[in-house]
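First chain written, first letter: the chains are A, B, C and D, and each begins at residue 1.
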Amino acid sequence: MIRWNNDYNHGAHPAILQAFADTNDSSYEGYGLDEWCRKAAGEIRKHLGGVDADIHFMLGGTQVNYTMIAAALRPYQGIICADSGHIQVHETGAVENTGHKIHVVPGVDGKITAAAVEKEAESYRTSDVPEHVTQPKMVFLSFPSEYGTIYTKEELSGISWVCREYGLYLMVDGARMGYGLGAEGNDVTLADIAAAADIFYIGGTKCGAMMGEAVVIVNEELKDHFRNYMKQNGGLLAKGWVLGLQFYTLFKDGTYFAITEQADRYAMQIRQAFAEKGIPSYIESPTNQQFVLLTEEQKEKLAKNHIFENQFWTEDGRFCVRFCTSWSTKEEEVETLLRDIREL
Amino acid sequence: MIRWNNDYNHGAHPAILQAFADTNDSSYEGYGLDEWCRKAAGEIRKHLGGVDADIHFMLGGTQVNYTMIAAALRPYQGIICADSGHIQVHETGAVENTGHKIHVVPGVDGKITAAAVEKEAESYRTSDVPEHVTQPKMVFLSFPSEYGTIYTKEELSGISWVCREYGLYLMVDGARMGYGLGAEGNDVTLADIAAAADIFYIGGTKCGAMMGEAVVIVNEELKDHFRNYMKQNGGLLAKGWVLGLQFYTLFKDGTYFAITEQADRYAMQIRQAFAEKGIPSYIESPTNQQFVLLTEEQKEKLAKNHIFENQFWTEDGRFCVRFCTSWSTKEEEVETLLRDIREL
Amino acid sequence: MIRWNNDYNHGAHPAILQAFADTNDSSYEGYGLDEWCRKAAGEIRKHLGGVDADIHFMLGGTQVNYTMIAAALRPYQGIICADSGHIQVHETGAVENTGHKIHVVPGVDGKITAAAVEKEAESYRTSDVPEHVTQPKMVFLSFPSEYGTIYTKEELSGISWVCREYGLYLMVDGARMGYGLGAEGNDVTLADIAAAADIFYIGGTKCGAMMGEAVVIVNEELKDHFRNYMKQNGGLLAKGWVLGLQFYTLFKDGTYFAITEQADRYAMQIRQAFAEKGIPSYIESPTNQQFVLLTEEQKEKLAKNHIFENQFWTEDGRFCVRFCTSWSTKEEEVETLLRDIREL
Amino acid sequence: MIRWNNDYNHGAHPAILQAFADTNDSSYEGYGLDEWCRKAAGEIRKHLGGVDADIHFMLGGTQVNYTMIAAALRPYQGIICADSGHIQVHETGAVENTGHKIHVVPGVDGKITAAAVEKEAESYRTSDVPEHVTQPKMVFLSFPSEYGTIYTKEELSGISWVCREYGLYLMVDGARMGYGLGAEGNDVTLADIAAAADIFYIGGTKCGAMMGEAVVIVNEELKDHFRNYMKQNGGLLAKGWVLGLQFYTLFKDGTYFAITEQADRYAMQIRQAFAEKGIPSYIESPTNQQFVLLTEEQKEKLAKNHIFENQFWTEDGRFCVRFCTSWSTKEEEVETLLRDIREL
């Protein structure tokens, strides 16, 4: 059985295991104050277009998201998020647990739009009763989105522009950042994200690391005492260097970008195979997550050799399922899947 | 100028002021452990159909709402609410500030529906990832609704039935309870609400008291340590007897019901006057809040003698405004408004 | 039976009831945006020594305290408080419920000291691990203290000086402010408190009002969006003018100061009577709260005509009890108590 | 330079790295629903004396501690902790950030006592104003303590007995569990802890794992929806199996116990060397953490070859410093330190 159900079902890129072995006899400072975290931050900064960012290493997207939000907002402020945003739908109310309201707006293809942000912000700006409502002060988006779609550079700068107009922080969840950057047709770079966002993170857990995410803080206002927020929220790890070491390993020679781009290419082959078979996508994703609509028969046939994730049933009786490639996907696995799709 | 902008712009029913004067030389136990709170609870219980309820006196709808929710829910649980519900739209994120997510569902005429509650609860029940989402555990509704509409006894019992099916608490915000009970065509009694709900409150602030609301806890599970929650949330008042005294005064002879019913009758006269003039209502409300759609000219004319509340602009350029009658509304004020409407 | 158990067992000063009666036919803007709140703020400002303060009206000391703290602190910051401070001992964890740690330091005679504040702040400043601890950012004190003692002007300015040295906000709980200001030997004025503190409140509930407290915000940083915090924490009352009216009534002619000073004088008579009888005070309080140590026999004798509050048992078998005078205390009540003390 | 500053400065036991390598081509279920977590739980359960515990894998002591507390307590409840307890002194207010008060009681040799717990619980039980205070509902202790001391079986059962008397949950922070269990003279087993505690964790991060802690829930009441709490608090990791795999590796053959016991033996050699030199310990610790009092000269000499952690200055001008051995300590490192101590 081959697992396509998600992009976090394998351990780590071999270079990471090698780095663990190479450093296992050495000792390091605790709590992220070590040389690997410094070197990893240095490698990441090379991609940020000269922005003077603070970089911290944490672990797990949910933790990163709510910690960034808790650090940025005052109790009467909230965060704008598309109805499909991860913080709204799949984090067990972690944001509300920190005391903040999510202002939910309709998404388009899994993405938030500048227009929706503007409407929500304008609604607050012109409110007759601003003391009776929460102030939207931050905008959440995922790059790529939870449905694998990506923002164009123009879309991103449009959202960023609205944020600056209304004094909103822009926060980017980059759990799958590599798969977004490596997508065919993508015109967004890490430097573009650093220019557009006030705070964002680059996911490692789903992109080749064993575990870990890199938080990048661009806006000075959000840098203050961030390590206290990390500690308070369980994210200042005693062995922080283990995270720094992984990011250094993935970034020092471009491995992070190469392995995720390869996963995207595999995903495009799979998408094409489904399309050639006349099997529709639920959404057109250029990244490693593919959402396709299968009949029950097709689903059962594929389930013989493959594990994939059920999303929901459509009204016409088909199943929306997710196939993920990842940095760990092997060519022979793709071949097997392509063959099985063709034989449907 | 006559104020119709809300139902909390006057002090208190004269009987309340008299009660203050009559008791001002007496002294009482603090924190609601006094004879007036006991007597007031006794009077209220007469209307609850024999339900063995705990009754507490607090002050202010927002405080009551979030305290009831904080007392009922565990951190991973949320509350289902219509998109027009007060806790969602006008309480500055007070519920989220206690750490809980609001599950927003579409309302119909300002009311939540049993079908919407069921859909949300069923969605959780059948979730593949129940650890990744909040558990809806409570349902919020206002009687009457924020738009002045009321639930029929059938609607209320339908919602209550779904709640019991899914193990949800039903909570009723009765800030304007009197106006709902006194509405023409209403078939719901306080006893019906006590039978349907697990916890609710009877508003005094907008219904003749100077200030104060009576919290009624029906479900045993929600009674535990409620006074601790009151204190922790700023709602256990040193001079609690001042609230008890007011509720005793309003309930001992039915004043609470009489004065709000009268306000509803005035509202019906106003509604009819608008209708006769061809001025449409935004929503058909049988209670003291009337939402009508005025042209700019009509609005300006009425604004010469009357103060009312702007709600929003409609797409065709009219203004949705709110006229509220209240327990303090005088016949001559109604006459003046009716005359001015007729002269539009 | 005469109640001396606390200073919140009577309704309101007669001038307040008169003000209620005088205004009951008038209507006012909601949520504290009315003329009475403005006029009351104006009267209070006359006592603030020219400080440009924001003034808001809320209700209940616990609510005021935690709202002020929630508005001032970021999640990683805490508040320094004496071990006898109200927020630490008698508010059901309301401060922690807003997410903040209380840094408890030893009090002296119920008061916090500049030295204790400095030690705690210095401990943080010199910490090797500032990310692993909360930052003390605010200091809490009550004037008068929970044991009725008062700070001298020198003590107050000493604490204030330390606060400024370390960038700490100073917050004063003035639930019984009038009794402190009116005490024999007191050399502190409201203007001194406004000069020393960043935020404080002047209690009405225990000082002649039916209910209500006036929040005075001196520091610009703490003024921002305070009304949102009030609303979110249940303290932005629909009928805010009822609070403003009471403060206007008490302040417009000095009633607030006169009635509390009179209560202090009565308390001194009671203290003297106990002293003449050889009954020791637990603590030397110059204000309306007197804590005396009674034998069981003395306690029982006094309990025949008087209600007072048990505090605790001493190790030598006596009872520490509290006798409070208040604005509502009558001369004949004092005479009766003095007589009964003399007859012990 | 040899690092003795803490027990988390090296990567992982070689068997862990081997396990990573062995499994890197395999794929697993996400979120801890995999075979390694199941197998690790099975190995751990063998040590629990037959208790039917739920076992979850999380990462980082702070996160584990506040998640366990958030899952156990209602908002009006608090946790009793010694003044030296980790949640009180070094977690940046994480517990208060979840809304709960810590009831601080004096510790003895870094340990909480049954008497102190009983006094605090009894104080609440006999309170005249139970609504005005938080209810102590849980007791926190670390095994071994933050100062390396250990509880005897009698002490532990004494505390547990008081907890049961008063309906308190007992929670044990086992960040350094192995070092406690392996200490010379220790008479406590994991089974004893499982019998005494309602919930505890077995630390991996400091005891040979790369990262990870095993949460053991004994009390049925605390098992409910724990995975939701994990997710909400950022502790339900996508690659949960990485944690399970490590615990399986350490527990399947007793490695966890062997490597920590060895570290304790090294610590005893170091302790003895200091003692022979007449250098006093700050506290008598039988585990891997040794706190000794050095003169400035001694400190400087040792600092030439060794890194250790400053704790504080004593009043007589000496330095309390911490030397930690760990699972990664090598015999030659110990020899070097012993030599340098002898040469002081």
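What we mean here is this: a contact is a pair of C-beta atoms (placed from the backbone, for glycine too) under 8 Å apart; a residue touches a chain by one contact, two chains touch by 3 or more.
Because the structure is predicted, anything quoted here is derived from the model rather than measured.
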{"item": "Pair joined by the larger number of C-beta contacts - A-D, A-B", "value": "A-D"}
{"item": "Distance between the centres, which are taken as Cα means, of subunit D and subunit A, whole angstrom", "value": "33"}
{"item": "Centroid distance [mean C-alpha coordinates] between subunit B and subunit A, Å", "value": "42"}
{"item": "Multi-partner residues of subunit B (at least 2 other chains)", "value": "75-76, 91-93, 97-99, 131-132, 134, 228, 231-232, 236"}
{"item": "Chain-level touch network, classified as line, ring, star, complete or other", "value": "complete"}
{"item": "Residues of subunit A touching subunit C in the complex", "value": "31, 70-71, 74-76, 98-99, 130-132, 134-135, 225, 227-232, 236"}
{"item": "List of subunit C residues in touch with subunit B within their complex", "value": "2-3, 5-6, 8-12, 14, 17, 20-21, 23-30, 59-64, 66-67, 91-94, 97, 205-206, 210-211, 228, 231-239, 242, 328"}
{"item": "Of all residues in subunit D, those that touch subunit C in their complex", "value": "75-76, 78, 89-93, 96-102, 104, 128-129, 131-134, 310"}
